[in-house]
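By letter and in written order, the chains are A, B, C, D, E and F; residue numbering begins at 1 in each of them.
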Amino acid sequence: MPTALNLPMVDPLPAETQKYFDICVEKLGMIPNVLQAYAFDIDKLNTFTVMYNDLMLADSGLSKLEREMIAVVVSSINKCFYCLVAHGAAVRQLSGDPELGEMLVMNYRVAPLDTRQRAMLDFAAKMTNASAEVGELDRQRLRDVGFRDRDIWDIANVAGFFNMTNRVASATGMVPNPEYHAQAR
Amino acid sequence: MPTALNLPMVDPLPAETQKYFDICVEKLGMIPNVLQAYAFDIDKLNTFTVMYNDLMLADSGLSKLEREMIAVVVSSINKCFYCLVAHGAAVRQLSGDPELGEMLVMNYRVAPLDTRQRAMLDFAAKMTNASAEVGELDRQRLRDVGFRDRDIWDIANVAGFFNMTNRVASATGMVPNPEYHAQAR
Amino acid sequence: MPTALNLPMVDPLPAETQKYFDICVEKLGMIPNVLQAYAFDIDKLNTFTVMYNDLMLADSGLSKLEREMIAVVVSSINKCFYCLVAHGAAVRQLSGDPELGEMLVMNYRVAPLDTRQRAMLDFAAKMTNASAEVGELDRQRLRDVGFRDRDIWDIANVAGFFNMTNRVASATGMVPNPEYHAQAR
Amino acid sequence: MPTALNLPMVDPLPAETQKYFDICVEKLGMIPNVLQAYAFDIDKLNTFTVMYNDLMLADSGLSKLEREMIAVVVSSINKCFYCLVAHGAAVRQLSGDPELGEMLVMNYRVAPLDTRQRAMLDFAAKMTNASAEVGELDRQRLRDVGFRDRDIWDIANVAGFFNMTNRVASATGMVPNPEYHAQAR
Amino acid sequence: MPTALNLPMVDPLPAETQKYFDICVEKLGMIPNVLQAYAFDIDKLNTFTVMYNDLMLADSGLSKLEREMIAVVVSSINKCFYCLVAHGAAVRQLSGDPELGEMLVMNYRVAPLDTRQRAMLDFAAKMTNASAEVGELDRQRLRDVGFRDRDIWDIANVAGFFNMTNRVASATGMVPNPEYHAQAR
Amino acid sequence: MPTALNLPMVDPLPAETQKYFDICVEKLGMIPNVLQAYAFDIDKLNTFTVMYNDLMLADSGLSKLEREMIAVVVSSINKCFYCLVAHGAAVRQLSGDPELGEMLVMNYRVAPLDTRQRAMLDFAAKMTNASAEVGELDRQRLRDVGFRDRDIWDIANVAGFFNMTNRVASATGMVPNPEYHAQAR
């Protein structure tokens, strides 16, 4: 089972879902367990994937790598095993820099980032640790290093999203696919 | 503006969105600012509302009130003004018990809850404060008071969702509609 | 009982205490439970009311509203149900601004305060969260926005007082009078 | 000055206050700085001393030493220099055990206490660290080791009081009289 | 430089040190940067290596892998990049289980450990997070799962040691050798 | 026993160890319990004393008093009874200022230190509380008040060392020699 909960996938899967999963196998070499976990209810699965794809893949002032960097920094603070494994691998792949992936997993403050990316990750970290203390000064700091308000929205929503999925993964005992561990080392 | 970010709504709104907002005015007496905030990008708005409605309104072993109770307890820990105002009102309305709403906003431990609801809220609180420490014992405690695995999934996902929206609201300076304050007092 | 402790009021009450309680009923529509709680020992009751009245009602460079604002912010950090209910109502009444009361209960950082009041509340919050770290820089910040040393004394003593009563209320399971909830909404 | 605030004592002191201070010099060899600090306003001084004397010296199911033990444990958590110096000396004197004073200043968990006193200090520590989490189970634990409800009231009020004075002392930069340091070593 | 401090190695190195470093290159394929960092003062280098070798390699009731497991769990709590990289690699190598290494780096609570090793790591984690709260109950819990007092000494000293080196590494900006990242994946 | 663990000293002690302990008795009037604790294994004892003596007594840009000041501040944060007693006494003796010793034990922020020593202790405190957040800015702050990189190394290593010994002492229930309490008062 992809989690510690006894929630078997719909069987058989609807054709569209089966097709989506086949594409995963073809492109990623696996069906990510998070998708298998949601597949006990196809509406929930679709809702999750639509939001995920919008946040991580749609047009944005943030590169895909930057969105994965936020994912890893948030997951590091929340110590979410599933997300650190899956998105740590994504940072290694997208950046071609395995050390960067490790730095973000372990302590993003040691990574040699430019001012813009460091400010982005500091904002995501503060949102994760103490969101009630985020205020106009924090938003202005992002504008000062070149982010537009639309970008700030995206930073906030990506960081928010992983604060959701980290907690869902930990609370349900979600297990990452073993394939991630050796990828892009 | 519904947030501190300069992200105007699409203008004019697509017919379907306009219709949805008209229904909000009719039913709620307002368009919740969170919807106006997302309406700078209709895809993002739709994605958000689909997930929101699935979590809070779809069939579940948790009543709608219970899901709102989780929303308020999570928002209380995260000190999210927007969500406490909006979902505090929802608890007052759905329960017909304004004091219960205040208790959950201020310190849910003082509320005279039955064992089942207290366990549900303790789980949501632990997920919010220390999700990395949630384990099989915590899930078993929920099963012991009558929750099925499907219910645990729903508790985890509602609590997770408000850990996302609390942070998005605080990070973007989202302002609740003033109408909520006096409702169901 | 006004608390979870079995400590009945002196019976009959001394004439002066009875008179004081009658005035409470006349002016407030109730005898605040905190007074009933202390009334098992008239010396303790009198000591408490003398200190309370000196701090909250005597001459000061802080307005009565400002002292209630400190009360609510301290009680919000300590999550004291009794004090949030009673003093949240006081802020709503004295300010004529129910939203302000809610903001201070939920997260005072979202309230649109002037620099002076924000500095006052930041000082009270730091005293509550980390008093050992308060130092000359913090006091100077208060002087810089116009507070005299006598005012700083009053801020410190009001914030200190609610750090006492919050803990007494929570530790004894003190229950607020239900009348507060609907007041000044 | 007894604090970092410029608040000179009333000059001349009223006869009754002068007499009280003379008694302090006679009995303690000094006028405790906390009294000098409040003496800029005789009403505030009197209010403080009445509450202090009621809590620490009046009849109670707790011995005077036990009340001083609570004072030191609360002050240790809050890292209040003034109160640790003054009440650490009191514990050394009342107990005749200088090591006990040091243990309570540094880490009360290492002190070889009986079950009753350990429960009392654990309750005071929880009230100081996380009062919102104190509940019926905590009160019952005190009853189980022999405390009556009246004693629980006193524990709560002494622990609450030092959560006030610790913060007032730190926030005002109150300095302890140097005489305390060498006492009862 | 192996750290952010300008402290060049003694040049030339004493023959014995050079020989030790040559052995490192031969056996490990590198001279660990921590050794290069201490080599500005050969006495300090020797002192460090003697303690390190005694703790991690000498006879003990704990296996070498178990000592490395403690190293990683402590370093994970302290978020020490250097030690997580170096000792994460050691866990992967000694265990032959790359996933175990990742689990201990990210959140040791998800690792499928036996009762004995879980108790050992819980003790090391408590020592790291809240050593003042460790008491006889915690030691007894270790004895109950089979540890002798000598083993408890070793657990305490290994966990203590990495609380030192984590802080030295972070405070000096120590950089791990890049060779570790790809090892034993 | 010097700790809560049943680990008797080697008996008879090797001649060199016996001589070292005799010197302790002669110079200090006691054998510090930490040495007796390690004496169940002479290699471990020697390793510990060599590191201790190198850090606390060898040449350094920090005076011996300054190294003891760091020891006390770190031990205060970690609430280590053994180290606060032993090194508090050392600060009182080396400084000839008993009040300074008490200030560092209780809350170093109240001590009237010069800028250099305050920066040194702030660095040690940050290393103890949040070493993962120490960065180049913190090191630069030390250089700005006159510390050389070699001194920063020593600050980091002394602060690191007491983060080790505090935890070893608390985890093993180490008891300080009673002689310390009355010294240099």
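Convention: a residue touches a chain if its C-beta (ideal position, glycine included) is under 8 Å from a C-beta of that chain, and two chains touch if they have at least 3 such contacts.
Owing to the predicted nature of the structure, the values given are computational and were not obtained by experimental measurement.
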Assuming a repeat means more than half of the contact pairs shared by residue number, which candidate in C-F, E-F or A-C repeats C-D?
E-F
Name whichever of A-E and A-C has more C-beta pairs touching across its two chains.
A-E
Please report how many Å separate the Cα centroid of subunit C from that of subunit E, as a whole number.
51
Gap in Å, rounded to a whole number, between the CA centres of subunit C and subunit B
30
Averaged over CA atoms, how far is the centre of subunit A from the centre of subunit B? Could you give it in whole Å?
22
Between subunit A and subunit F, tell me the centre distance in angstrom, where each centre is the average of that chain's C-alpha atoms.
44
Per-residue overlap in subunit A, given as positions that touch at least 2 other chains
79-80, 107, 132, 135, 170, 173
How is the touch graph of the chains shaped: line, ring, star, complete or other?
other
Subunit C residues within the subunit D interface of the complex
4-7, 40, 43-44, 47-48, 50-51, 54, 58, 78-80, 123, 127-128, 131-132, 134-136, 138-139, 149-150, 152-153, 155-157, 159-161, 163-168, 170-173
Which stretch or stretches of subunit A touch subunit F in the complex?
107, 109
Can you tell me which positions in subunit E touch subunit A when the two form their complex?
76, 79-81, 84-85, 98-99, 102-103, 105-107, 110, 170, 173, 178, 181-182, 185
Per the contact definition, I'd like the list of subunit D residues that touch subunit B in the complex.
132-133, 135
